[in-house]
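Paired with chain B in one complex and with chain C in the other, chain A is shared by the two complexes that follow.
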Partner chain A sequence: MADMSGQASGEDHKLRPFYCELNVLSRPDGSAIVTQGETAAIAGVYGPIEVKPNKIHIEKATVEGIYRPKSGLPCVSDRLCETTLQNTFEAAVLTSQYPRTLISISVQEMQDSGGLLACAINAGCLALMNSGLSMKFLVAAVHCMINKTGEVILDPDNKQLKDSCASLMFAFDNVDKNIVSSSTHGRFTEAQYQEALLRCRTASTEIFQLYRDMVKKYAPTMG
Partner chain B sequence: MIPTPDPAYRVGDSVLPGDDVSAAVRTGDVSKIVLGPGLRRLGSQVVVSRAGVLKMPKNNVFVVDAYQKRYIPVKDEHVVGVVTNASSDVFRVDIGASVTASLSYLDFEHATKKNRPNIQVGDVVYAKLSTAGRDMEPELVCVDTHGKAGKLGKLEDGFLLTCSLNLIRKLLSVNCPLLQALGQKWPYECAFGMNGKVWIKARSVKETIAIGNAIYESELMDNAQIKKMCTNLGLVIDSM
Partner chain C sequence: MAAQYKTIHPVKYYRDFLAHDLRPDGRSPDKTRNVTVNVNSISTADGSSTVRIGNTTVICGIKAELGKPKPDEPECGFMVPNVELPPLCSPLFRPGPPSEEAQAMTCFVSQATSDMVDLKELCVSTDNLAWVLHIDMICLDYDGCVQDACLIALSAALRTVKLPKVEYDAETKLPSVSLDERADLHVKSSPVSTSFAVFDDEIILSDPTGEEENLSSAKLSVVTDGEVILSVHKPGGSALSETQLQDCISVAKDRANLVNELINVALSSVDR
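Now for the complex of A and B:
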């Protein structure tokens, strides 16, 4: 229906161009496609739906994250992505509103050019927004890397990642900007971690602003 | 820690989950405030729980209007459902919620233990939710409090389509011209369920498809565009 783009101003925190579109799929209750630079992910949310008896929670909804790679069956590292997605969205959704139901969030990798997990979380969050499910807060994920000279580079692409010694992903909430989830690979010092965290947190405000613009853009279609 | 900017939200603004809209809600008479869907109380604050537009449909009643496809049962709403199972004493009806609703065979007009309503699996019913809540299975009835069916009951023939909940609300609002404009073209019957299911019965397949498409297309149109579309649709169908 419409798309949004945003590019960070200033050299200090530069995210790749962020495009998204909501309600792209007809079958799920909410869906979104997100591209961050060359990285793209599409997400669909089903819920609240019937839950299997072995996964049921009496007092809250079961949140299920499903991560599908571009081709083939999910492998072990994809399972890790899945768990991160599940834990992130379980924190964001107001699960007590929908007891004894299942909220299923499926994310399909379209293209990985660095920072796919962050892109998947953002796509999932936008799909949740589109589904109208009650949430405590929104999440925005930002990916960054530390290169061999010890510099922090925000939202790197595949080419830049070849020169990395550590890669860090943080997801923040939009209320207190606290970390909801994080995923790190490689070796880094505490100071580097703190710097990366600070820069990602600053960059996350930009993604939240995009979310807000998105809601504004789609508001007239809601009748 | 970056301090959250605290913009003063007002009615008509787009809001995101987690936004504190206490200031917007507390304007005017604060002795009684009703928080509708999309808003919740968190201590002394009023916090948004879904992304949409903050609206005040009535005085001191606040809601967040958001796009939604999945139905969450609400008591006393009218829904259209498909019977999925007919066991001894209750019918299971798929109304698009997380669980199927139950409809007792005694909750039909003139139904007794001897005189069961003639309803088979796959039939479409127009019913009212007598109980609904997040902790309970939704229950349907096909009679009003006087034991009369009114418009409720089995829907014979026709065609069932599913759309977003916002579209249903839009079409059922008083000032929406679609149903009247279509009615001036062809005679038809329809039933709108608040669960996003629409049942249409027209004279021919051609007219049914035309009406169905008109309903889908009107989602992104304003009233003037809807009227224009109906005029065009009438001309096209008549010439076919």
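Now for the complex of A and C:
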């Protein structure tokens, strides 16, 4: 595995160690496995492939996000996760270049110890990069929590999440660093939301740097 | 002529209106639609309400049932919200199992309302008997912001619920229900959701209609309760800056106060 440890310079924004590997599966057009601390997800991209007539768009590609939990079938509570994944990737892919086709992105949960949705988005984005599909921008997702004393803690694990009063996830694009997705649980104030947003945005640059390193490393083998 | 123009080039049609800071229905981009709330609409339910936001109509009924608590949470009752989007409400939906959108909406509503009622209050006897509140929200007319209407309907209906007094006999293991003695449910919070649509990657439309949602490049919902934010849900779509998000949050906060006043007026106007 590539040692792309994401230890930040200051105490202020510290993400858990981030490892990833591309081309882990042979059948998909692009695949990636990402681990952030103990949380792991694997993603595969098929596309552009044939689309069912009822989902076809004449002017753009249909993007399908599939989320599979570690065990059992996806349940109702996973649907929100799945729509977030799907819409985030739909924004990132240059869909107008592949009209009347389907781009299918499946993400399989391997282990969840906090911040699974963020890990899934990062894995999906790396798989898309690996697939060679044209994209408008890259996305990087960062998870954080607000603890009972009101402090923002970046990328917490399961143990830390036990004493959280809110958990937030943001996905940013790499062009203007604007917010592509935001998903939150729990109660918080507007000021806390802004603080969490700024901290996550700073941390996202680190993930984009890791993406850059990955591309450098895999450039000779990438399509 | 305008009707043909709209059919042929709906995006351009909207752009022409928005160039004058106006929407085809006469609202400015940040103006929300009128909301009507009616409570106790279904007499056979334990609590009910009907909510309209513009043309969007959602009817909510709550049925209370006695059940056995889960072994891992023996002191808690249940709230089971469910959003239904029948084929009647829009051509987008076909008969059959709940669509993906309905499931996502159910999930959104149950997350936003998870702390409205103390589930321990729904327990009658630990590990033996607890109330199960089946909260069904049915959309009758789908014209944008259905999740907002569902949340308002749920919040209003929950405040009309009167649960009968139940005693549990531990020896015979039978409950005795006295239907004449009823008590209000204690509702702790009043979340209100406000949705926005992003048109052409930059113009934010508050409380969009179904048509505007279809043409939009991104959607987001903000759930607030007084000064507290419960959720900022933006599932993808075109990227927004934080000032744009801040504007949305402040619009949502103002609207939440108005909606909560409205629910209170509706509740006080009926003889309960």
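Simple rule for what comes next: the second predicted complex is superposed on the first by the 218 of 223 C-alpha atoms of A that agree within 3 Å, B and C clash if a C-alpha of one lies under 4 Å from a C-alpha of the other, contacts with A are read in each partner's own complex, and residues count from 1 in each chain.
By our rule, contacts are C-beta pairs under 8 Å (C-beta built on N, C-alpha and C of every residue); 3 or more make two chains touch, one makes a residue touch a chain.
What you see is a predicted model; the values in this text were computed from it and never measured.
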Contacts of A:197 with chain B and chain C, given as first, second, both or neither: second
Touched partner set for A:106, first chain B, second chain C, both or neither: neither
Partner chain(s) touched by A:122 [first = chain B, second = chain C, both, neither]: neither
Which superposed partner A:187 touches (first chain B, second chain C, both, neither): second
Which superposed partner A:176 touches (first chain B, second chain C, both, neither): both
Contacts of A:132 with chain B and chain C, given as first, second, both or neither: first
First, second, both or neither for A:35, with chain B first and chain C second: neither
First (chain B), second (chain C), both or neither touched by A:83: second
Contact breadth on chain A, by residue count: chain C or chain B: B
Which superposed partner A:97 touches (first chain B, second chain C, both, neither): first
Shared chain A surface residues [contacts with chain B and with chain C]: 137, 173, 176
Chain C to chain A touching residues, read off their complex: 100, 103-104, 106-108, 111, 115, 218, 220, 225, 227-242, 245-246, 249
Partner chain A, residues of chain B touching it in the complex: 1-2, 4, 14-18, 38, 40, 49-53, 65-70, 72, 97-99, 134-135, 166-167, 169-170, 219-220
Contact set on chain A toward chain B in their complex: 1, 23, 28-30, 46-51, 92, 94, 97-102, 129-138, 173-177, 201-202, 205, 208, 211-212, 215-216, 218-219, 221-223
Of all residues in chain A, those that touch chain C in their complex: 76-77, 79-80, 82-84, 86-91, 137, 171-173, 176, 178-190, 193-194, 197-198
